[in-house]
Amino acid sequence: MSEFIGKTGIVVRNIPRAESSVIDELGRYGVATVHEAQGRKGLLDCALRPIQQGVSIAGSAVTVLVAPGDNWMFHVAVEQCRPGDILVVAPSSPCSDGYFGDLLATSLQARGVRALVIDAGVRDSQTLRQMGFPVWSRAVSAQGTVKEVLGSVNLSLVCGGQLVKPGDVVVADDDGVVIVRRNEAAQVLEASRKRGDLEEQKRLRLASGELGLDIYAMRPRLAEKGLRYVDSLEDLEG
Amino acid sequence: MSEFIGKTGIVVRNIPRAESSVIDELGRYGVATVHEAQGRKGLLDCALRPIQQGVSIAGSAVTVLVAPGDNWMFHVAVEQCRPGDILVVAPSSPCSDGYFGDLLATSLQARGVRALVIDAGVRDSQTLRQMGFPVWSRAVSAQGTVKEVLGSVNLSLVCGGQLVKPGDVVVADDDGVVIVRRNEAAQVLEASRKRGDLEEQKRLRLASGELGLDIYAMRPRLAEKGLRYVDSLEDLEG
Amino acid sequence: MSEFIGKTGIVVRNIPRAESSVIDELGRYGVATVHEAQGRKGLLDCALRPIQQGVSIAGSAVTVLVAPGDNWMFHVAVEQCRPGDILVVAPSSPCSDGYFGDLLATSLQARGVRALVIDAGVRDSQTLRQMGFPVWSRAVSAQGTVKEVLGSVNLSLVCGGQLVKPGDVVVADDDGVVIVRRNEAAQVLEASRKRGDLEEQKRLRLASGELGLDIYAMRPRLAEKGLRYVDSLEDLEG
Amino acid sequence: MSEFIGKTGIVVRNIPRAESSVIDELGRYGVATVHEAQGRKGLLDCALRPIQQGVSIAGSAVTVLVAPGDNWMFHVAVEQCRPGDILVVAPSSPCSDGYFGDLLATSLQARGVRALVIDAGVRDSQTLRQMGFPVWSRAVSAQGTVKEVLGSVNLSLVCGGQLVKPGDVVVADDDGVVIVRRNEAAQVLEASRKRGDLEEQKRLRLASGELGLDIYAMRPRLAEKGLRYVDSLEDLEG
Amino acid sequence: MSEFIGKTGIVVRNIPRAESSVIDELGRYGVATVHEAQGRKGLLDCALRPIQQGVSIAGSAVTVLVAPGDNWMFHVAVEQCRPGDILVVAPSSPCSDGYFGDLLATSLQARGVRALVIDAGVRDSQTLRQMGFPVWSRAVSAQGTVKEVLGSVNLSLVCGGQLVKPGDVVVADDDGVVIVRRNEAAQVLEASRKRGDLEEQKRLRLASGELGLDIYAMRPRLAEKGLRYVDSLEDLEG
Amino acid sequence: MSEFIGKTGIVVRNIPRAESSVIDELGRYGVATVHEAQGRKGLLDCALRPIQQGVSIAGSAVTVLVAPGDNWMFHVAVEQCRPGDILVVAPSSPCSDGYFGDLLATSLQARGVRALVIDAGVRDSQTLRQMGFPVWSRAVSAQGTVKEVLGSVNLSLVCGGQLVKPGDVVVADDDGVVIVRRNEAAQVLEASRKRGDLEEQKRLRLASGELGLDIYAMRPRLAEKGLRYVDSLEDLEG
């Protein structure tokens, strides 16, 4: 499937999606937990930042490849979206233009799309926040785009340095965005639950003043690596 | 006029300004709409970001050229400002120092100046937000500046990659900053109104679920360019 | 002492700290004032930004050197912290990974630590804001770290381009972070008070419409440097 | 196959490679031609630059995923290399450390490896040039690395923003690096030959003074889009 | 004239140019001297770097505004060039694509064009060096462009943060690029000659071991500003 | 001593220097070896790059703190230099201006100064190369500077993220710049010699085809960490 990366002029109508209950629960665990739970894979470049604060969300990736300065494919993509989807957009070469604004957001919201992740710029940022349409982007820029060059919809692409396949689960919050392979989603959710429980227990112990050094039994290994404690700097200098 | 770009040691006392009703209405349309309405010209580099959120404003540019690490010309500029003005400041070479803080903001507010746009840094950012004095800047930095080297006030300059003439209309919001030539302001306002109306109509249609593909009649041209729909990835691979 | 910069495998248990009343009052003056008051030294790179807004704080530096992608030393550092401390962390080479999240913050809060300053990334940013644990960092990233390589605790290090010694006073707010040498803290506080008073007086005069040009008696020196006023651009061109 | 992206702790011993005559001929066409010939796919981020000048080369990708600041996997990878291979290395999170120097280059040269492409830093750059071992990297840095954390060898990875599969053809020259899928190599070579011939003909015509406007028959379409010629700026202003 | 900045769909056929003997002599003085001689104006952003080393050149600006990822206007511009011209190209929004390669360079060379200055990327960099066609660019990238969107030729534009008018003199060398207004060229040349002579005299005195402190009589002013000499650090600490 | 970091208005006349034979031999080992030999400390930010290629050098640091856009202190520093010194310059806030050109280089060469390391910009880069005066800088820019604001000479400063003390040994080559504390120079030289010998032996073994895996006996530890070899990707998928 990845053979089609970079190919243009194609729209794939039907893509498999993960189960919605799995997707929604992944969204509740958030990016840091899910990223850990799946073995630290799939994290997008931290230069992609939310334009809002405090939103945690998950959905199915509808992937869109666009030309630099050209947002034509957004309109093609809208038609392929279903409730619960998240648009994942990458330009074929680096571009900070404002590909996306309140009109496209209105159209996506009308179809039940949950968010936009874009390795480029957006505009109408204040209106997007007021509409409650969440966006993770590399830039905010009012620079408009044209509609002249074909890209693709629902082919695999690289966004924020990670491979994204149509139908992958996108989890996004204030920490950024992480991609979960569709066919690993259930298993990653299971691992997220375990990790969530474990973290909760640790949090309680740490909050009570117990040290990570003791909870994780780190002292012997630190000593073995040669960590040396001195009472004061003078001891070191002496 | 642009022959004087980069010249120092000059203060121009009287500059023409656009009509205040035109300026104010441009401010209500915001950066993205105004930028489109004037043919996508005059947008400042998107690295100039607001230090606050949710402010949309417009005013007449009082331009200030400063030396790197030297904010002397701000004090000279204050005297040239009138109510409704916006200070537009560019350093003669790149600098992230905090040229501007709450004292200068107090002085500008006392003269009715509406905002600062600066291709450099500012400080006292929290106080500036509390005072309600809006700023668009390239950086926030507490690094102070000196008062040793002359710049200029009210000569044309390049700020954020765009030519700004004294008296130009500055429109700024969460998306960034756009410059409108003073003598084009009325006509850009007219175009903004038309665009605003048009967008409103489109928004309603999009909100009702109509597709941009149909509203803009894009399907024939997409087909002509060779866009190909496949039912699933398997169809593509087969 | 600076001879030990970059050395690893050492933890210094006891460090001198400034008087808490001095520290707290420095925190109230904020970064810009304190930076000025101490002669414009000690300001960290403005790329280190707060993840929250509106927090102004000060504390004693507990310094932590970490390997890229390795947060082991955080756990070692927690044990060395006392109420009122601020963790100051630098990686031995540039890294944007999320070294720090809500669990470590819980542990630090339990010991009365006030904040984290890190020349790298953090994660769980939304939870950190909800917990009220303030952070200044170069990045927000969910990318996790390992626990394999020793660093050091409480040796001098360079963070954000500035030398930080254990026990130095860290002052941080929306403008960034400034370091005050422990043995200069009282004298910097005195200078901050003077500056604060002076600024208050100036603010009143500026708010009443008086010009900086007159308050600071700048006109003669501007004239001496050759500043020339023209009534309009035409005068210049003519 | 891309499901394994980001997985660590795995070494794949046998990978398919393209035919060596195809690889070598692709190397002679160079990055710009091959990139065009395959439909503008597979180009690595232009921040990956050669440390030498004037080298044009191609080979089979042996892929290496490494932890930040940890070059252990290089040693594992060397054993998997064959004559004609090119090492393609990506860190699991951004890092500019000098992962690679003259000793590893000596080892790779002894096995007939042709080059290194790394989305991180290298050191001993002058010696590497003297040895004639070509490198494309994101940084030059003497910062050393440790050997503590497992990565992987010969799993797919994302390097410079592009998916690279083990056995893909890597083409690199002064313009950068492009990846050709192994199973598309022969067909891309054929397209490169055609493009090369075509460009040669165009070069002769352009060198003789013929205009691209005429060779490519652009004038009617420019006119249709509304391009307007004026004799001088005055005509435009009048 | 600057009113037309950002306008598209226009080609101006005839532009005034400076006298060729003036242009050529400016090229011999180089960027640093010319920039000083004209009062430190017109220097392009230092991110625009030569792809070759040791070339010093000057010519008349033919300005080209292009859309992001679209090099159509280059072909239109070639026809407007005359021997001695330098193409100055800026994209309407930031773009690092390889707009320009060996075929366009062949076409420009056939018309006697001396160089390219572009606030974007170029490709075929090795061939361009071999052809002896000098380029100053923001990036080297093999990423190709399309021919779909109109820009303009020979309107004023902002390139590398500076206003460039068609017919301005472009001076470029290893230090970067500086723009001289056409109608100031003769006077800037005169100032360059004077500066060149003066520098030659200073160079001789400095080479003989005389100090700048004495040649420029700096000691009294340094003392007046409060510069204090101490014999050793101990004197300072004591 | 580090208490004086950031202080201005001071020139220290006499600084201790390391033995010249030690300095010279450190220069022959180069940056990567010396950096390793001293425990990976003291490496300057890899954004400081040489403007020439193939120069490897060492000398005693004469430190210069300068204001942004102000090179006055260079002239003061020249007088304090002795044969074998290297000027190490840092601006008090980030600046890319061309602080240094061929005249200052002439003056430094006349005093036997070996090189310049500057966390800012230089100009006349081609002439500097022709003169054989080596420079490591953050930028090349023709932008001139003024002479208005005092800095300091021979106080400790932070340059490229590292603390540099006057009299420290500066080692620089194509890989960058590393600082060796003066009082550690002899011992770092000894360690460099050992490392150099060891590397030579390893190079011979690696060149003969022996693997690092075997030379460094890595296989057991890799197995212990869980590294798993599979014959082909199919084995992994099955």
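The first chain written gets the first letter, and so on, giving A, B, C, D, E and F; residue counts start at 1 in each chain.
Criterion: a residue touches a chain if its C-beta (ideal position, glycine included) is under 8 Å from a C-beta of that chain, and two chains touch if they have at least 3 such contacts.
None of these values were measured; they are calculated from a predicted model.
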Handout entry: Contact-richer chain pair [D-F vs B-F]
Key = D-F
Exercise for the section: Call it same or different for chain B and chain C: same when shared residue numbers make up over half of all numbers used at their interface. Expected result: different
Fill in the blank from the handout: Separation of the C-alpha centres, chain A versus chain B, in whole Å, is 30
Practice task
For chain C and chain E, let me know how many angstrom lie between their CA-based centres, rounded off.
Solution key: 39
Fill in the blank from the handout: Cα centre of chain A to Cα centre of chain D, whole Å, reads 27
Handout entry: For chain A, residues that touch 2 or more chains besides their own
Key = 1, 40, 43, 92-94, 96, 141, 143
Exercise for the section: Once you've mapped the touching chain pairs, tell me: line, ring, star, complete or other? Expected result: other
Problem - Residues of chain A defined as touching chain D within the complex - result: 1-3, 5-8, 39-43, 92-94, 156, 158, 161-163, 165, 181, 183-184
Exercise for the section: Give every residue of chain B touching chain F within the complex, in rising order. Expected result: 67-70, 92-97, 141, 143, 146, 148-149
Completion exercise
Given the complex, residues on chain B that touch chain C span 1, 4, 9-15, 72, 74-76, 78-79, 96, 98, 101-104, 106-107, 109-111, 121, 123-126, 129, 139-144, 147, 150, 154-155, 166
Exercise for the section: Please give the residue numbers of chain B that touch chain A in the complex, ascending. Expected result: 30-32, 35-36, 40, 43, 46, 49, 53-54, 56, 173-176, 178, 199, 202-203, 206-209, 211-213, 216, 218, 222, 225-233, 236-237
